[in-house]
Every structure is written in structure tokens, then in C-alpha cells.
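Just so it is clear, A, B and C label the chains in written order, and each chain counts residues from 1 on its own.
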Amino acid sequence: MKSAVVEGGAGSAPCAPSREADIGDKIYQLVKDIFPFCRSVAGEGVRETLRRLKQEIDLVIREVPSGTEVYDWTIPREWTVRDAFIRNASGDKVLDFRACNLHVLNHSAPIHARMPLRELRDHIFTLPDQPDRIPYRKSAYAESWGFCMAHRQLMALPDGDYEAVIDSSLEDGSLSYGEYLHVGASDEEVLLSSHICHPSLANDNCSGLALLTLLARHLAGQRTRYSYRFIFAPGTIGALAWLARNEANTKRIRHGLVVSCVGDGGGPTYKKSRRGSAFVDRAAGHVLRHASPGSAILDFSPYGYDERQFCSPGFNLPVGLFQRSLFGTFPEYHTSADNLDFVQPEHLASSYSMIQAILCVIENNFTPVGTLLKGERQLGRHGLYVGGDGAPAMQSANMAMLWTLNLADGNHTLLDIAERADMPFAELLSVARRLQAHGLLEP
Amino acid sequence: MKSAVVEGGAGSAPCAPSREADIGDKIYQLVKDIFPFCRSVAGEGVRETLRRLKQEIDLVIREVPSGTEVYDWTIPREWTVRDAFIRNASGDKVLDFRACNLHVLNHSAPIHARMPLRELRDHIFTLPDQPDRIPYRKSAYAESWGFCMAHRQLMALPDGDYEAVIDSSLEDGSLSYGEYLHVGASDEEVLLSSHICHPSLANDNCSGLALLTLLARHLAGQRTRYSYRFIFAPGTIGALAWLARNEANTKRIRHGLVVSCVGDGGGPTYKKSRRGSAFVDRAAGHVLRHASPGSAILDFSPYGYDERQFCSPGFNLPVGLFQRSLFGTFPEYHTSADNLDFVQPEHLASSYSMIQAILCVIENNFTPVGTLLKGERQLGRHGLYVGGDGAPAMQSANMAMLWTLNLADGNHTLLDIAERADMPFAELLSVARRLQAHGLLEP
Amino acid sequence: MKSAVVEGGAGSAPCAPSREADIGDKIYQLVKDIFPFCRSVAGEGVRETLRRLKQEIDLVIREVPSGTEVYDWTIPREWTVRDAFIRNASGDKVLDFRACNLHVLNHSAPIHARMPLRELRDHIFTLPDQPDRIPYRKSAYAESWGFCMAHRQLMALPDGDYEAVIDSSLEDGSLSYGEYLHVGASDEEVLLSSHICHPSLANDNCSGLALLTLLARHLAGQRTRYSYRFIFAPGTIGALAWLARNEANTKRIRHGLVVSCVGDGGGPTYKKSRRGSAFVDRAAGHVLRHASPGSAILDFSPYGYDERQFCSPGFNLPVGLFQRSLFGTFPEYHTSADNLDFVQPEHLASSYSMIQAILCVIENNFTPVGTLLKGERQLGRHGLYVGGDGAPAMQSANMAMLWTLNLADGNHTLLDIAERADMPFAELLSVARRLQAHGLLEP
């Protein structure tokens, strides 16, 4: 693999800054496009979304029939919802699915009935603590029906009879997921995965879907060391369906990230793989430490997104979770406030840049070896000394060379050096290439 | 040993809460019963105490003759004290052993002499910093005579001649210690030891003696994985005498605790074994972290109680020290204020409960193995999901299942899982049994 | 080597306190003697200094011809400066080398020219932030000429023409360095190195040169376990020249210290070797922790003094850097304020004492083995118990014995014990010798 490493090290794609200066706007536009679709675990909403992503990259869409057993789970029926509302005695709609698809319990069974408010209330979910926001709720594995509503609005409803209508169906069909493979020099893979089962929630997870799609498009024209596998699948059951169909192939996965909630201004947050010291854990930890003083590196726990499946003990893949604000910790989480105002192009762009930086470490890490190990190099003689009068940038440039040369003994990778020097990997990568070009490191 | 483990894991004694709800009161009563005896390193006071403990458990009382060489030490002569007082010129007793046995230097030689106060003073110990308390002092290995007295009282004595009487004798006899073995499924042993050489000091160590005695009685009717050996011996020399007589048997000791000062409201404190990472050190550290925010886990040092002997390099046994307030750090320590008011039933009960919890970990730790390792379990399908609306208790119950299943790969014991999940061992043990009952873990 | 260890352990030199009570004054006097010489990388200034040191110890002075290739470097020409000044139009000297040799750019090419101030300014270095101090600057590897001056003085110069004279020459000759070997029982060596290339800077590094010279003189009459090699060489190129001539001998170096800036009142500071866990790193860390609450232990970095060369990857020697204030962090650094007032006998003496304490650990560390490992020793029986009424010194003396005996199992060196007991090595060494004398440790 040595040659592949060196080849990759000589300028591979993920380190090259995106040629699209307006990448934040482009991701945001794609978020906007897929925001309205009423996704669920299985049904047309997912397929509409996948078709939109396919306009950007050559996505393969796969179907898994309802009823298929997947480890401890069963692929559910497809959910179709045509309309839903609650009408008061005067015939006015007091809740309307067309205004916001969160109003219907996701994967809800159909209902058409008239009942008094006190009875209907048992089927209405609200957030008393956030009385103006509609909660997102789902019931994919137990058949029930229900609505979601702003608490203040529910409180304002007068007693009396209401007509509850959910014009939905739950029928055998299939669960859909999308897959895209960027082929690199090696068949060792980097897995990048985003869940696609939530309806109109912008951060969770239109943001992740859009970011990974445009990252895949960016890679398309590039030569890389690793192959990159993108998966857009419904949470839990979709990831499990992919794993069940690809058990043998999981051996190829060397690194991976689950990506969601990447459009808000919080974090960044990285949750480590179950292994805790996988290379991706070190790479992401390194990048985040240098990206922001507010970054949080969390240990693995068996609660969260699809890293739970990839890291279940039978797979135990080296896959972590990248987010901005951690799921469940921001008030907009799983509410109607997770909308197109909550995500911003600038945050999408910086998330994109951090994920690229993590992949840059994975793609380009190598073990530099100095051509002279005895004594310090005289940088000036090689035209490498950055002169000036002690300005920090100059000092940093010289220190990066000194660190790289001092640790280029064949026992340290560039990430080892970056960590010991406490400098960004990308800066040391650029220094290492310069030192190679001047003959101070082996080519 | 696998079967013993599983057998033990299925409901063994130390985890079962004591059936005696009033355990604190019962321990306290026993403390009261043994408090008055005038114990010393060797003599009738120890035997009276052992006979009282034998009313609770089937204690074996052993005798080691004076003069026996025990490693670097020699069993001292027996001490008998019949009376002791100081009388002033008018014939009034200004100090009386019958009022408090701390008044006599423990193991004091006899004296009957009249002398001026300035001469007598050289033989009177006081605590100038705590002028109303009588200190506890002993002289077991160097012959001398003396009294202990409240400093304020000594200061108030007028000059003049006094009659000093200590009607004691130091004669060849034997050192006594008590031993009790609860036989479990395995002949591997847990050692539980309390020193029995202090006179009327309630916390140090009537409390430890009484607690271990009632714990032994509680175990008597139970099936356990380990055998439990209880030792009630005079400090240092008693522990060494036991070690010298049982050198070969020390190989069986897998875990152990020295127990003293367990009736005050401080701590809890755990001082690690010399090994520093023995299983009992992990178990006690785990239990104490969850028991109290004020708990202190201390590294081993060669100063303290009989853990010094069990942990001397030639034995290096996995034995730690459990206390409430650490010896030497509370003002009542080794004074007449360490009396029956200083120890309380509630503290005795909570110490009992913490020691039971430590033994529960030792007794029940095992390596759970999931019956399906690929993908997360669908808890709802198995009737295990604890529903509700995100209340902490519900979340904790589900998290305990998720952690156990995620780490049930054959490489983690239940204590490993409890530490990684940061949850009490007992909670995970109950969860693991439930998961076994539902077929999600191997039986 | 066991016998050498024991021999060394029985009272070897570096632990014996210097017989010279006025060692600080003696070091200071030597600092004063060598302060005036105008040292540079190569030239007569270095030789004058070495000749003065040779009055104290039997120094060998070695010469390396200009033009010799030394790894990535070339031995420069010798610099000779006879006079230098700037004269104004009236013929008054506004800068005079004879007042302070920092006034001339070290290793400056000759110049004799008249030019307007605005042109001359490009060749004058000042410190705007410290306007009354003359900076120290050098140009050993690129030919240029220049002056150094107080900023305030430069600002006060009226416009007009000035006469700039540097009567210097750069000619082939040789670089000089001094070497002194104290022969011990073993041919394993401790390296002690101080740079000798700076002109009149008292702390950096007349202090290091003087301290090591008097330490070498102190060792001269002593029996030691290790051999001690002292090197007084120009920074970087001098250390490299020594390494190039002694490559095979570097295998003998077991421990080492670079010593500079040891006369100010800051720190102490120890910068670890590149290995990070060399024995000298542990020994110095231990000594400094006990020496001062203000001590700083720093990780290796490839910037600093000659530890950079000794620790370059092809050598990777176990050599750290001992300083008081860390180079570059004190305002007097590399200015005319680093003068004979800045260094003080008391600081030189305490630096000397700390370096001795580090060498004491290196020289005397051994693995004590108890003659009885079972049970605690009865210190009183051996006349070793330090009685009294709990005073801290008494407790500490007994604890030192208890720790040593408890860990004297053949698996712990005396430094291991000192670290675990959190007591100074020298105290435990004295205790261990006492225990050996009483037969409690093997001889």
C-alpha cells in the first residue's frame, strides 16, 4: 500500500479546498429543495428525496421489500399520506397537514372520526415547554394514529366535537435507500452516511443529506487514495438493511462518519466510534481541536444516530458521528423550529470544510522520513528559513519545518507530528511537501 | 469456574438487601454491648469481646502464646488491669479507671507510689489542643506506666503529693483472635478483617467489629460464589499472627477489606490495596463514586490499619481499607469523644449497605454475551422498551439495556460496562438478569 | 553493573554537598572573569574563555578548521573584531564597541564608510519595546554588517552623515571547543554541555559555563559510578562538530543535561529530552518538583539550545535542558540587560545544588531489597523508630522507612519509591543506607 499512500500524499482530493467558493449557498439551496418532502421510514417521501439527490450525483437507489427480516427488525410497510386535518364544529380546519407535515404523527395509521376534544387530546402531541412549536413524533413500529400541534393552539381550542382526518395508508412496498461509490486507488473504503427518514426538519437531516451529496459531487472528478461510499438511508432500519446486504463488504471500511445536524451554529461535536481510538477518532479530534474552541469530543454511547448500528458489537466499525450541536441538546431539535431559518449557509460551509479536513487527514497521512537524521537542518542554506523579526506566522512556519524534520525518523506519521507540534495537519502536510520538494524528506 | 459464576450471578447473597430493615439499630446495639470492655493487644478484654460476638456467629477463638515469634514481632504478655486511680493528699480520687478505661495507659505496667505532681506529670498524657478530652495511648511493646487525662483537669490539680495506683499485671498468657468462615461454592476467599485491640472507642473499632459480625450472620443462611473469611484480631500483631499461621492459605484470598471506623457520618473513604488496581479497588471505587459525592478514593500508603500487613510485599494481598472518616483526620480520633454518641445507627446502616454493594460486585461480576451482536436490539419487540415521555428514570432504564447489549461482546465484564456507562453495578446486574430472562443475553 | 551500582550507592560524589559553602560566590566570580570576552561562533573570544576555564579544570581544547562540513552545516570563518564605532559629523563617537561588545552585530563583516543616517539605519538593530537596552544580534552564516543600539539613543540622533567603522575580519581559521572527562567506575557517560558562543551576556551563558566548570572541578577528586563528559562548545555548530567527531562514542551517553541561563531567579525550568521518558527526565522532574513550587517541566520541542542537536533523530540522546527562566521568556534575554547585575550568587548556588541533586539521582538510584518481606518491620526493636509526639519531621522520617521497606520487593528502584512516597530522593537515599546498615535491606 506504500505506493498508494505516497500517490495520495501528493495532492489528493479531500485536501484541495472546494473550487466552489459558494459551497454554503449551494448546500443551502439543496436543503431548501428537499425540505418540503414528507419523508418517513418507508414511502414516497424518501424516494422523492433520493431522486432530487440523483440530479447531483449518480446515486443508486435500492429497495428492500416490506416484511424482510433484518437482524432483530422487520422492514415496515410503506406509509402514504395524502391529507390530514382537524375540523371544528363550524367546519374550520384548526390543524392542516398541508401547512406543515409535522402535524401528522409520522407513519400514522389512517383515521376519520368525529369525537369530543377530551378524547381527541389523547392523540395530540404538544410541547408544553415550547408552546409555540410543533413537535416531530413518529410511530414506525407500533400502529397508532395521532397529530402534533403547538401547545398554545391546543389550549385555545374550545371544547366540543372535532372531525379528525388522516387520509393515509400503510401498505406493503419497500424501504428505499441511496448509495454512491467514489472509486479511489484502493478498494479500502471510507463510509459516509446520513439518515433520510425525517420529514421537514432542516438541520436534522436535510443538512446532512445535502452536504454529503455535494461532497460526493466534489470528489467525482478527483483521484483519491481511498474509495468513498455514501449511504442515504432511513435511520436505524435503513442502516441495518444496508449492513445486512453488505456484511462481507464491511471488512473494507477503514474509516467512517455519520453526518447529521450540520447546519446550525453550535458545536462542532464529534462522538467517537465504539473503539474509541480508531484513526477517524484521532483525525476528527485533531481537526475539531484546531477548528474551534467550542468543539466537543464525546465518548461513544449506544444512543444517537446510525453510528449505533455501524458500531454494534458484531460490526464494531471505525465510524464516528459528526454534528454541530449535539442531537437532543438544542431546543429546536425535533420541532417545527428546525426550519430553513435555523440552518445557515455559513454553518453548512464550515461543516463542509471541517469534514473535508477530517478526510484530508485520512487521505494524506503518511510517515515522512528525513534524508539526513543527524543534527538539525540549516534551513537557510536550503532557502527554507522564513526570515523576519520573530512574527508569530514566521515562527510557526519555521517550527512546522523543525517539528517535521525532528520527527521524520520513520516512527511518526504526519498526524503524530501534528499532534505533538500542536499544529493543524493541513499546515504540516504543506510543509512536508515543501521539504520533499527540497530533498529534505524522502520523496 | 464459569458455572459458579453464573450460579452466583443468579441471585447470590451479598446483593440481596439485608432482610433486617433495622440493621443500623442492631449494629449499634452490638457496639453498645462491646464498648465497655477494656481491650488491649492481649488479655481478657479481647476474650470478653470475642465471646459476645460468638453469641451472633459461630466464631472460632484462637490463642497464640506470649513469646511466640511472628516475623519481626513477638507476641506480648497478657495485660490484666483490676483498678487504677490517682488520689490526692485528702484521699479523694482525682482520676478513676472505673469511670473510663482510657484513663490508664493501655498495657501499662503496675505502679503504686506516692510522688509530687511535678514528678507524676511525666506519666500523664493529655491533649492540650482538646483540653476536655482524654487521649487514648498504649505501650504494648515497651514497658512503662502512665495515665491519660483531660488537659483542663490536669491543669486544675494543685501541687502536692499524689498517690498513683495501677493495679495491673503483665504475665505470659496468649493473644486471642476470632475467625469465622462462611463457606461458598468456591474455596476462593474474600477476607474481611477488623481490629479488636482498642478499649472503649466506639468508632475505632467497636463499629467495625459489630458491622462485620452482623454481616457474617446475614451471610450464614446464603449461598455464595466465594467463601468469606472474617478475622477479628488485635491490630498489627494479631493480623501478623493470623498470616504466620495461614501463609499457605493466603493464596486463596482473591479480594479483601479491612473495616474500621464505620459509624461516623464522614467519608466514605476507600484506601486502595498496594496493588492499586486489584479488582476490589475497582469495585470499591465504583461503589463509592455512586454512593456519595463526598467519597474519597486514596492510594495505598504503608501507614494505617491491618492492610499494612496484608499488603506487605511478601503477601501483597488484594486487600483495601474501608472507612467513613479516614483515621487520624477527625478530632474525636483516639480520644474519649469517640464514644457512643459519635457513632449513629444511620451511618452504621449506610456503611453496611456500601460494604454489601462492594461484595455484590465481587460476587456477581460476570461477562455477559449477547445472543445477537449485529445491530441494535428492537427493545419494543421484546417488551423491554420502557416507554413514557423522556423522564430520566425511563431513559436510564433504556440506556442500561443499550449499554449492556452494546458491550456484551465477550470482552467486557458487567463492572466494565457499569464503569463505561457510569451507572451503578447493581442496576446493570438487574438489567442483565432481565435481558437473560428474555433471551437477549446467553444464560 | 550491579557491583558498580552498589559501590556508587555507598556515598558517591554528586550527592555529597559541595564542600565549598561559598560556591555561589565562586561561580559568580568566574562569570565576572569571562563576561568581557567578545565570543562568537569562531574566533579568539572563545579561545580566551576556554583558557580561563582551563585554569580551573584540565580542559582539552579542540580546533575544527573553517570549511569543514559538519552534517548540514559548514564550519564558518573565524571572526576578529578590533574596533567599531559610529562617529557623527563633529567627530564624536555616538556608538563605541569598546563600551559594550553587543554594539557590533556578532560575526559582522568589516565596514568603513560615511553615509547619511537614513541609510545607516538599515544596519542598526534596536528594541523599540525596550528602548534603553542594546539587543544582541548575530549573523554567522550570512555575510552582512551591522550595529546594535538602544532605541532611544538612535531616535535622538540628528539627521546627517555618520562615519561607520567596523574593523573586523572574517578569515579561515578554526572553531574551538573545550572538553573535559571525569572518569568514573563505568565508561557509561553523563553528558554536561554549555554553549560558549555568546559575547557579554551574563546569564546566557557565562552562568552555564562557570557553573559546569566548577562542578567539574568539584567532581575531580571524587569516585563516581558514571564518567562525566563536559563540553563547552559554540551553539549548534559546535555541538554538531563534537557529535560528528564522536559518533561512535555517543552510544556511551546514558544521561545528559544542556545547561544555560542558570543565574537568574526564575524557574527552575526543565525541558525534557525528545524521548520524553528518559531516566534524566524522570530524575530532573522529581528534583524540580521538590525544589520549588514554581518549577516548570516542559515537553521537548525542536527549538532551544543544543539539546536540539543531541536529540536530533539520528542521535536521540537522553539529554534535557536545565535553565532557571526559560530562554526567550525574560525581558533581559539577548539584551544588554543580561549583565552582571542580572545574575546573582544565590541563584547560581541553587542552580548548582539542583543540578547536583539530579546527578545524585542518576548516580545513586538502585533497587533496594528487604531482608524480610512478610509483615511490617517493628522499627522500635531495631532502634529505628523516630519517637516524639507526631511532629511532622518525625512522621516523615518514619514514613520514609515504611515506604522504603514496603516497596523493597526488588521491583522498585529508589526513584520509584521516592515518587510513590512523594518524598525527595536524597532523603530516601539516606534512609535506605540507614536501613542497610541495620540489616533491614540487603547490603
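Going forward, contacts are C-beta pairs under 8 Å (C-beta built on N, C-alpha and C of every residue); 3 or more make two chains touch, one makes a residue touch a chain.
Values in this document were obtained by computation on a predicted structure and should not be read as measured data.
Taken over every residue number at the interface, the positions common to subunit A and subunit C amount to under half, indicating a different-residue contact. Seen as a C-alpha superposition, subunit B sits on subunit C after a turn of 120°, to the nearest 5. Each chain gets one centre point, the mean of its Cα atoms, and the points for subunit A and subunit C are 54 Å apart.
Chain contacts: subunit B has no residue touching two or more partner chains. Remark: subunit A residues 70-73, 141-142, 236, 240, 243-244, 247, 274, 301-303, 308-309, 311-316 touch subunit B in the complex.
Taken together, the subunit C residues at the contact with subunit B in this complex read 370, 372-378, 380-381, 399, 402-403, 405-409, 421.
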